[in-house]
Amino acid sequence: MKKIGILTSGGDAPGMNAAIRAITKSAMHYGIQAIGIRDGFEGLMKGRFVNMKYTDVDNIIQRGGTILGSARCPEFKNAEARKSAVANVKEAGIDGLVVIGGDGSFRGANVLAKEVDIPVIGLPGTIDNDLYGTDSTIGYDTALNTIVEAVDKIRDTATSHKRVFLVEVMGRDSGFLALNSAIASGAESVLIPETITDIEAIAAQIKSQNKGRRSSIIIVAEGDEEGGAMEIMAKLRPHLENFKLRTTILGHIQRGGVPSYFDRALATRSGIMAVELLMAGKTEKMVGVKADELITVDLKDAIEKKAIPKVEREELLAKLLTK
Amino acid sequence: MKKIGILTSGGDAPGMNAAIRAITKSAMHYGIQAIGIRDGFEGLMKGRFVNMKYTDVDNIIQRGGTILGSARCPEFKNAEARKSAVANVKEAGIDGLVVIGGDGSFRGANVLAKEVDIPVIGLPGTIDNDLYGTDSTIGYDTALNTIVEAVDKIRDTATSHKRVFLVEVMGRDSGFLALNSAIASGAESVLIPETITDIEAIAAQIKSQNKGRRSSIIIVAEGDEEGGAMEIMAKLRPHLENFKLRTTILGHIQRGGVPSYFDRALATRSGIMAVELLMAGKTEKMVGVKADELITVDLKDAIEKKAIPKVEREELLAKLLTK
Amino acid sequence: MKKIGILTSGGDAPGMNAAIRAITKSAMHYGIQAIGIRDGFEGLMKGRFVNMKYTDVDNIIQRGGTILGSARCPEFKNAEARKSAVANVKEAGIDGLVVIGGDGSFRGANVLAKEVDIPVIGLPGTIDNDLYGTDSTIGYDTALNTIVEAVDKIRDTATSHKRVFLVEVMGRDSGFLALNSAIASGAESVLIPETITDIEAIAAQIKSQNKGRRSSIIIVAEGDEEGGAMEIMAKLRPHLENFKLRTTILGHIQRGGVPSYFDRALATRSGIMAVELLMAGKTEKMVGVKADELITVDLKDAIEKKAIPKVEREELLAKLLTK
Amino acid sequence: MKKIGILTSGGDAPGMNAAIRAITKSAMHYGIQAIGIRDGFEGLMKGRFVNMKYTDVDNIIQRGGTILGSARCPEFKNAEARKSAVANVKEAGIDGLVVIGGDGSFRGANVLAKEVDIPVIGLPGTIDNDLYGTDSTIGYDTALNTIVEAVDKIRDTATSHKRVFLVEVMGRDSGFLALNSAIASGAESVLIPETITDIEAIAAQIKSQNKGRRSSIIIVAEGDEEGGAMEIMAKLRPHLENFKLRTTILGHIQRGGVPSYFDRALATRSGIMAVELLMAGKTEKMVGVKADELITVDLKDAIEKKAIPKVEREELLAKLLTK
């Protein structure tokens, strides 16, 4: 193993830089040159490669986003278009690749592994936590902390003004962020795509609990089948005429920010392992974590199987309501 | 002076609790009973009064929102409706009042001062900083820090993905938050209600500067005459077809949160001064700050005159653009 | 089950309040009265009991420390002294107890369980993570985040001034905090009580790596067998005459603070489970977490067995050094 | 004006990077090349100059420390040693200089201005706020926020355990940080070098107020004439035998960190003004701020006169104590 390529792809996630740093530094430790590929698969196709130096990754462990850049790259699904990527990888002498991203990124990685015939390792870098086979993806913990901190602020206003706030969080297909941030922020209710949303039941619950309460927070996953926070508010309004309803859509602040302890440690450990897996000739594996130990999962499984949040935790919120 | 009433009114602002604490504790120091009035002028009309005890204000200096609650109360403009407030104040024996809020709240306070004939002092509690006669209102510095921290997060994503982000901040009538957060967050452009927004000029600027750039941030005051972030994006889009535009509306996270050093210190100092002003027989004054010294301003001026942000600071952003 | 007592004991940890809230609210959900016991075992002996109301635990999920208070209570080891505790518990009709604290607290709890003959459940509340049978104690994740954030700040100064900083973190008997914060903060070296500290090797490492570096951070567990940060600095100095060495002892800021997402979620889930375990007649169990699932551990094991950090992770730091 | 040199000197302060960015970018705006001088006056003597590019200052507004590095440089007081600095400046063609630092740095700047005969502007970059002629130095607001946040955490533990905490903050000669952080953190007492510390009076105060209190915080400026926190604790102990006293020395976390809104905005505005002052031929001036407006002060005054905190504010704490 002489040259390891690194690319970040899909939505950026806090901890991606910590992973890039760990891969670059541990590659140097083993006498391997790390090659940074700019802007994800797009950079692969256009040959935007840089030899990573020590100073490139110095002091980036604490920075959000990705210094390599990321991009959505639909062209990469096209076999003809991928030929330039294959040629670039060969010409650069890259003989191992680490792809940091979500399932879409892994799909691209897997195809490439076969076409160039080099080993490929995936690191799960996404705030959504929707990857099969790992307790946690890189970026998920930071996003949860960002959401919980934001809801704390909204609670101040909600309580001061006796309001019901609907807070929309990310999660187009998945309720991981919504469900777990709801528990940690002391929310009164949560709406996720994985369970059926019953507008009347939520209204009834708000009504019953608000006797002695000054505020309620309802966390809404953007992908809930009844709609986002604005739509849910419109549906709730006829049932809650005497309540002051408000919405906030947290939006892009959920992606960025200084990564948390957990995401930095996970990214660092996973990055080193990725290099060592490549050196050991492993390929098409994702590095995951279970009970604080790193594990490997077949990339195929990470792509094909779906991670499901523990939906039964929704019931916890009901046990914490008081009338 | 035997009993001082305290009420918070209008939108909540970080530092209101620090002010309530300072008023309550310094009143106790001078042998005066502080009376908390719940939910602003509404509580005044409904007689929701509580004798403030030391333990009520212990450990609240660091908490956002207002422990007394706040509410918009349009009925208070009605002279007939105010009669109950006047009666309640008299019955409770309140012989001085501190109102913490914005210009609307001060208007109510001023009317009441005359109808009950007790001295009234106003503390400027609003994140908007739109009160005449003071360098800074209580809550403004915290809101700026919240915005700047949020933009830092968005910058991570914008740079990772080569995007132009429009970030909408509060300010229905005023560009204080937008203008000053734009300077401190390193934004490339800012749109405020006080100056004429030229969509084509902004588009031209984004185009020219983006040669070597990976991201641009445009801060939009919600009250800009061309619209909020969504509308501005729609207007910019035809001019910026090759750019990836995105919006985020920061929303209610701007109101809450742990107050900053500045807001806590200002609120504490102002709260003590409010008590001492009442004891000295002063009335219809607002406590402001100039060059780190507390001053007083006639409430009348605070209500009638308008604070204008230093719009010439917009030019600073242009001096920081590079092509 | 009619009355469940709750006490927090030993050093306070972020998330204790989230646990108290969850126990109180879920007890109410099941028609059980929660009884708060003030200041740990001391309050048990002195009968300082309060009936927990809904409003006592409202809006405390985000607050550090413990609203019930905590205290070290050596008298509780004395059988004679414990008699008053036994009598108080019986008189109050407490028929189940949740103790939140570390192994010392669990020892007291276990003795009491036998003397009063009521079921007792332990929740691991300590920043040190030194409890057998759980991936994580309540408070550990927040403390790690606090440390990592502090080291980020120190790195700014270290890099600006070309310095070597020794940062002392908590851990009298255990290297959990030191080891894992070192990985996540990008520290160059770590000293923990579980492994032998070789002063000359550390000096050699600092020398070799500092060729192209502007700073080094060495994390020191306070209980390292070679001493705390001050002592280590004195021992390093003769070997590193051309380096600017500095120390910082993080101290008590590591205990407090707004709990992280992880600690709030863990505390909330564990608190509900504690109530349900008591209702199911379980006793002398600790609620732990493995791979994101709650589990129970015999309190006896939690007391007698020792949790060991994964010391082999120390090697990761060496793999990230560059010369 | 063709080339402007920039150097940071003395202790690093949050906001220095924002100033470097503003100077570099506004210089580019005016067609001037900014020259970064590494490691303060040491770099001036050794000719460590770099042509600043746009990408060097991109995305640094939010970073603590100084990307140029800083160093104490006692040799610079030696006229003979300074000759190399003079020669280097001339050779590089630097025809204007901005020095960011404290009064020691300004002294060096002033001497140099005369020896090289180029205009020099000073920006006050220090967390200590001990510079004459400005409401606030760059870095002061961030340091206050860091201290207040740390004290919030310590308060959690102090209240949980009924303790008296002595918290030592920076300020070898000056009580600015101690005094103002004490007000904003709700501390019960403060010890600063500018006023006479009466140990017995403090002990008496703690005793009287602790009747109903669970905690007390005493902020100690490191330069108090009775000693730092450890010494003060030793002196207090005989008077407070029934109290649990603890100390924490905040140390170097006070210097670093993401700069606050205020420091970023002040640094940005001041940096632009520095460039414009040089272009206008001004020299030996410091850029300060009064009532939110930038002003200039003679460097001579900034060096010779002393800034004194408003010591009468100490009395505010006494007005907030309750018995």
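The letters A, B, C and D name the chains in turn, as written, and every chain counts its residues from 1.
Just so we're on the same page, a contact is a pair of C-beta atoms (placed from the backbone, for glycine too) under 8 Å apart; a residue touches a chain by one contact, two chains touch by 3 or more.
Keep in mind that what you see is a predicted model, and the values were worked out from it rather than measured.
Centroid distances built from C-alpha atoms place C farthest away from subunit B. Inter-chain spacing, taken between the CA centroids of subunit A and subunit D, is 39 Å.
With centres defined as mean CA coordinates, subunit D is found 28 Å away from subunit B. We define each chain's centre as the mean of its Cα atoms; on that basis subunit A and subunit B are separated by 34 Å. Counting only residues that touch two or more partner chains, subunit A has 152, 155, 159, 258. All chain pairs in contact, by the document's touch criterion: A-B, A-C, B-D, C-D.
Considering their complex, residues 21-22, 25-26, 28-29, 54-55, 59, 61-62, 135-136, 141, 144-145, 147-149, 152, 155, 159, 180-181, 183-186, 212, 258, 260-262, 264-265, 268-269, 272, 290-292, 310, 313, 316, 318-322 of subunit C touch subunit A. By the touch criterion given at the top, residues 8, 11-12, 14, 39, 63-66, 69-71, 146, 150, 152-157, 159-162, 165, 214, 246-253, 255-257 of subunit C touch subunit D in their complex.
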